[in-house]
Amino acid sequence: MALTESELISLRRDLHRRPEPAWCEFYTTARLATALESRLDLDALHVGPDAIAGDHRMAVPDEAELARWYDRAREAGVDEAVLESLEGGYTGLVAVLERGEGPTVGLRVDIDGLPVEESDDAAHEPAAEGFRSEYEGAMHACGHDAHATIGVGVLERIAESEFSGTLKVFFQPAEEVVGGGKSMAKSDHIRDVDHLLALHIGLDHPTGEIVAGIDGFLAVRHLEAEFTGQSSHAGGHPEQGKNAVQAMATAVQNLYGIPRHNDGATRVNAGVVEGGTAANVIPEEARILAEVRGETTELMEYMHSKARHVVRSAAEMHECTVEFSIGAEAPSATSDQELVDIVADVAGRTEGVERVLERDELGGSEDATFLMQAVQENGGTACYVGIGTDHPGGHHTPTFDIDEASVAHGIDVIAGAIERINQRGF
Amino acid sequence: MALTESELISLRRDLHRRPEPAWCEFYTTARLATALESRLDLDALHVGPDAIAGDHRMAVPDEAELARWYDRAREAGVDEAVLESLEGGYTGLVAVLERGEGPTVGLRVDIDGLPVEESDDAAHEPAAEGFRSEYEGAMHACGHDAHATIGVGVLERIAESEFSGTLKVFFQPAEEVVGGGKSMAKSDHIRDVDHLLALHIGLDHPTGEIVAGIDGFLAVRHLEAEFTGQSSHAGGHPEQGKNAVQAMATAVQNLYGIPRHNDGATRVNAGVVEGGTAANVIPEEARILAEVRGETTELMEYMHSKARHVVRSAAEMHECTVEFSIGAEAPSATSDQELVDIVADVAGRTEGVERVLERDELGGSEDATFLMQAVQENGGTACYVGIGTDHPGGHHTPTFDIDEASVAHGIDVIAGAIERINQRGF
Amino acid sequence: MALTESELISLRRDLHRRPEPAWCEFYTTARLATALESRLDLDALHVGPDAIAGDHRMAVPDEAELARWYDRAREAGVDEAVLESLEGGYTGLVAVLERGEGPTVGLRVDIDGLPVEESDDAAHEPAAEGFRSEYEGAMHACGHDAHATIGVGVLERIAESEFSGTLKVFFQPAEEVVGGGKSMAKSDHIRDVDHLLALHIGLDHPTGEIVAGIDGFLAVRHLEAEFTGQSSHAGGHPEQGKNAVQAMATAVQNLYGIPRHNDGATRVNAGVVEGGTAANVIPEEARILAEVRGETTELMEYMHSKARHVVRSAAEMHECTVEFSIGAEAPSATSDQELVDIVADVAGRTEGVERVLERDELGGSEDATFLMQAVQENGGTACYVGIGTDHPGGHHTPTFDIDEASVAHGIDVIAGAIERINQRGF
Amino acid sequence: MALTESELISLRRDLHRRPEPAWCEFYTTARLATALESRLDLDALHVGPDAIAGDHRMAVPDEAELARWYDRAREAGVDEAVLESLEGGYTGLVAVLERGEGPTVGLRVDIDGLPVEESDDAAHEPAAEGFRSEYEGAMHACGHDAHATIGVGVLERIAESEFSGTLKVFFQPAEEVVGGGKSMAKSDHIRDVDHLLALHIGLDHPTGEIVAGIDGFLAVRHLEAEFTGQSSHAGGHPEQGKNAVQAMATAVQNLYGIPRHNDGATRVNAGVVEGGTAANVIPEEARILAEVRGETTELMEYMHSKARHVVRSAAEMHECTVEFSIGAEAPSATSDQELVDIVADVAGRTEGVERVLERDELGGSEDATFLMQAVQENGGTACYVGIGTDHPGGHHTPTFDIDEASVAHGIDVIAGAIERINQRGF
């Protein structure tokens, strides 16, 4: 028997309480595995290393960080066997439902949280209702708790439906660092998918609004730069230092000053910086974790090339060396019109949906694009759907929250579209 | 019986192996307590909270940091009773030797290490000889291991001498963050000190060279600035962010650009910076731990005032708020001529000493100045002595090391000067 | 009798040889007046103060600059009476041809040059053919010489045609500083215009290509900031200075770092900067002439507001004051579909035109938008046409040049469209 | 008959009214020539090209600037023959008085003004008394008008005295750009000078105070950097530009951030900057005129080397090229004790002098050091004397002015010292 609506909301709140960053979704993965197995008669449930191509993971944190979250998951009390299989940061799941002849339809949802400290303001519903994040400095500030819940809900709905064919739901880790999409796109599970749906909640669309096909994914790349200079006593011999923090600050100032491009939107962010060891030591080391984006891959490459050049020159200026590493990346992608038409039609008939937009631009990045590309290159079709929700704070901010009514909209629209795909028989 | 020279060298190497940062000198304090009690018939040994005025400690690290080093000290195996008395970062010792009528002479040595990763190059003697730091990212890179050893050696030498009066050796914690001097200067122990000696090894003077009186202490103040802006999604809504890292970078660039001053030397260093949480989030928070110095207190205040103004304007520019806190500070000071004359004369007669400079400038900062000021304000005299040592790398760098022969020079010159003070009867 | 094609080319080359900056088009205006009067039976020719609303001129240079160009024009030998009427920077013309009943059609062309030093490379045709700019540091680097020539050619073509109605050609000064469009839009001459055409040559479209309707005009505003600090002797008292150049440099760095905006394209440029008086004086004054742009007026206002804030904070940081002045501005605008259709159709039938694009984005700014807005607000229609030309160097660069064959394309397409408008009778 | 005191004050005020920048001292040179010839029976008066080694002039302005000042001098009405001899920027004089056997004593005074706009405040005496600068943006803001006057006064006093030997007064051009000292030091006139005096008024010493020997001349070098990038349309193709103004701003920010040096005082100033041509063009060119100083030549070289490195890296960062040129420079120097003793003694006996300091630090630069070095290298002695004067504003500021009473102090002390040198016969 399927979860009731309130059970699904309970699941969402449980996930919300324990947001885990990229590749550390130990609790989340194990909790979803348990929920799926206890309720559904799945044909296959691939967990952790079986769900992804481990070699293609990007932006995996260091062992200490992995261990810290692994321990927390154990303390939170999850299935030990599942947990152990995830060790080392092999998270995520692929749930498979086989229902006879018919197309293989994929649904991709992401499951990771963000390094944002959740608001404890009384006006913030998770705080008021007691399901605020239990982990300091971590938060589901982008709605992936709802995405995972919708994934479960769609599986149940299809299990009870007349759907004929195969449904695969990809619970993808590490979207926030655009580090997980590639590892799922390189796994075998995607190979036979004929039609792929992906979704995102919110995106400044209110509850009751559905965007049938989202485009405008900015291509993105993460770039880490480590500066090495030379320390010296800041009082006694400032002239002997090679100041890595001066290099870093010069780089930051000029990264944001990379010229805008006439061909389309670009982005740059020095998202994490750090350097130095003590007030009285000229800093020997500093680090920038930056990201660049572009409306096209070419524009992203333009930003990447300029960013490296700026960083290299800033290091040179302060007589430091610099080493780069690429953290993660994602391409751009486009929603196919056939699927957009289906989603738009289904959404227009869905209860609670008041407005359907055929297309909108994301204006951000998403590594669902890796999976979309993989399916499209195999001759299939893909579509990225927006599920409106009233969200008090912006995405990635401490007061982000969803209107839980939109979870049902998501399940209805996506499950409805999957059935319709089946009926169309294409 | 006194420690032999090789026992002293063993002590120095043992301390070198376990460098502990400011207020975390748990092993060091306990180790020194054991060494002093086992060998010397002290009249008093004040340890930890009894050695300092705890309320006047500055720049104490957070509890987690204190706990980490406390645990390490316990694992290294020290006297548990002593260790427990230090809990919470109350480190340091005052050792007292009473030898009848006569002046009270003080000697101040400092005992803390630095957050520098020690070289493991074969040419670096501690690495070659097996007494390199056991603690990653921590190092005795300024010779305080030698200072503490000289303190012990002087106590032993005076214990065996004809000295009549009282000798107090102040083993001061937290010099590197200029956080400990004030707490010793505010303790009762300094009140009856008539003449104070302090010392430093190295300072670009070779083995065999002694500087009788060092001046030119730069007044110093540590300043922490915490920027708060507003996070937003770096791809989706860069315009909604208030970028704390841009504010910080602008501040760093302009801090180093504070005008030089015609009245004398000034310094500024943004020694530690950090900010942001993820590549794809406009950074909401950033932090600078800076220090300013001046040849006089006025010049330091000039730098401090300018630095705050720069930081405040940088925050304002990027629509961030900023909060300041003062970390620690130390005044300037001067060596008294009477003591300089004594030290110069004694040094000239000391075996192994080939050259005596009457005066030199430190060109750095030192919170021994708090103790010197306290004694001088009570009508006493103070003198800061330089003990030359060949050091391959500069102070505060990974290849700093001492020529161990200079430990004996330090003991000979300081102990000799204490005896001479006694003879002069002033 | 109309000018032959080679006479038109001679006119273009004559104008090319004497490029004059905004509001200094003394030679150009007088030369065009003479050319028009000698060849055409105009019904009216409004020159200088009669052609524009003088109070609405923006970005007029100072008197010395005006006088310098005025004198040059006199030396070049133009009609003294016309020249005198232009004194003080009242340039431009409106030529009127009345041909009985029918619509009033306007054509707007711009006539000013740029402060760019023209290439003297042998590969640069104006250099090779001897019509390179005679004025150091000034150049027709954006094709306005061709625009003015097309304006003359269209007048002649219509004069000889069956056109019934009124044709007004607006020879607009000061487009490059977006300073002249408003003064023509505020003059009485625009009030009765039913349909307005404007044009630009080049824009990265090759010879033989026509863009029927250009959109994507970036709204623009020019902003001047004058910093005042305090001078002092750079060697003797650097600490007494309030360094206006440091303020300016900090502002420039952060102006280019204003966050990109999710709602669309933005631009910022610190196009002219200067400051200081001597190497050994801390600079007391500095200046930035900047411009901001936005895909919409709101985006331009966002950039303007951020830019002022950055500049104000940079001044504050370096204890300087700053005064702002707005130089000039232009709104956005859109080409009406009715006219786009006409132009596209005519262009498709024009000899030498090989490719017609219905729409393209300018991605720059233009103050023709003031005239377009004025006509559209009066219930009329407007259209901005692109005339392709092979141009070796980019617009605003020293090697910009046109393929003179495109002058004929411009005349053919625009005159043809005007006749068609007349036929359609709308 | 010598000039009366009021005549000397008139001369000073006349010079004050017509301040001329480096190498443009046409009026000043001609005016001094006339004054000297009309009043004194000189043995030789070398003017312009005869006074200096023209090839060693540094920092000569361009021809247009020279011509502008030359024309002004002619308009002001000076001896045409003298004026013509100065054409091209060969300014300055050497006046020679031969009085039989005895030492050759030199006195060096400088004569140029500064690019500072003089205050017109009523509290500013030159404004109130009607001798404020007649030239916009030029001012005697460092007292060289008084220096020249003292030079004349000393010649007269010695002419009337018992002095036996030769007196040469060097009226040196172009001190403010440290461009003239070398050309006088390389001329033949300095070769036989046995003892050289130089002087400066003010320097924060009040009226009635004399500094017998000034030291602490900062070695200085002027450095010009010209950046070349690539222009492009700021709205249409910002990505095609190579922004020379961004390079310049990055360089300025980091020039001021060159680390302070433990060996002594350093200075850096980006005194003049400029770049760009129009608001809507990405700037192709930019320029910095900077100076670096050091307490020693080594420190100046340290700053110079760092400054070039910063500028080169900033150019590289923004894909610009940069060309350097050295503008001018001056070494350090020391006053000889023998002369200091004489000056101190004479000053102590001079009417109106209330306080004599034996030594003080200049803390600035001066190219008198070239002449001092030349004399000292020939075995002679040199001394730089400070003549106190109450000055309301600082040197190089719009309200700088002198207390005219100090002109007499200067003449008395210097002439007295010259006579004493003669008596001492050394």
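As written, the chain order gives the labels A, B, C and D, with residue 1 at the start of each chain.
The definition used in the following text is that contacts are C-beta pairs under 8 Å (C-beta built on N, C-alpha and C of every residue); 3 or more make two chains touch, one makes a residue touch a chain.
These figures come from a predicted structure and were not determined experimentally.
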item: Centroid-based (C-alpha) most distant chain relative to chain A; value: D
item: Selected pair, greater C-beta contact count between A-C and A-D; value: A-D
item: Length of the line joining the C-alpha centres of chain A and chain C, rounded to whole Å; value: 47
item: Chain A and chain D, separation of their C-alpha mean positions in angstrom; value: 66
item: Where chain D touches two or more other chains, by residue; value: 236-238, 243, 246, 250, 253-254, 256-257, 259-260, 262, 267, 282, 363
item: In the complex, chain A residues that touch chain B; value: 114-116, 137, 176-178, 203, 218, 220, 222, 230-238, 240, 243, 245-246, 248-250, 252-253, 256, 267, 269-283, 286, 289-291, 293, 327, 362-365, 394-398
item: Touching residues (chain side chain B, partner chain C) in the complex; value: 236-239, 241, 243, 246, 250, 253-254, 257, 259-263, 282, 302, 309-310, 313-314, 316-319
item: Contact footprint of chain A on chain C as seen in their complex; value: 253-254, 256-257, 259-260, 262, 265-267, 363
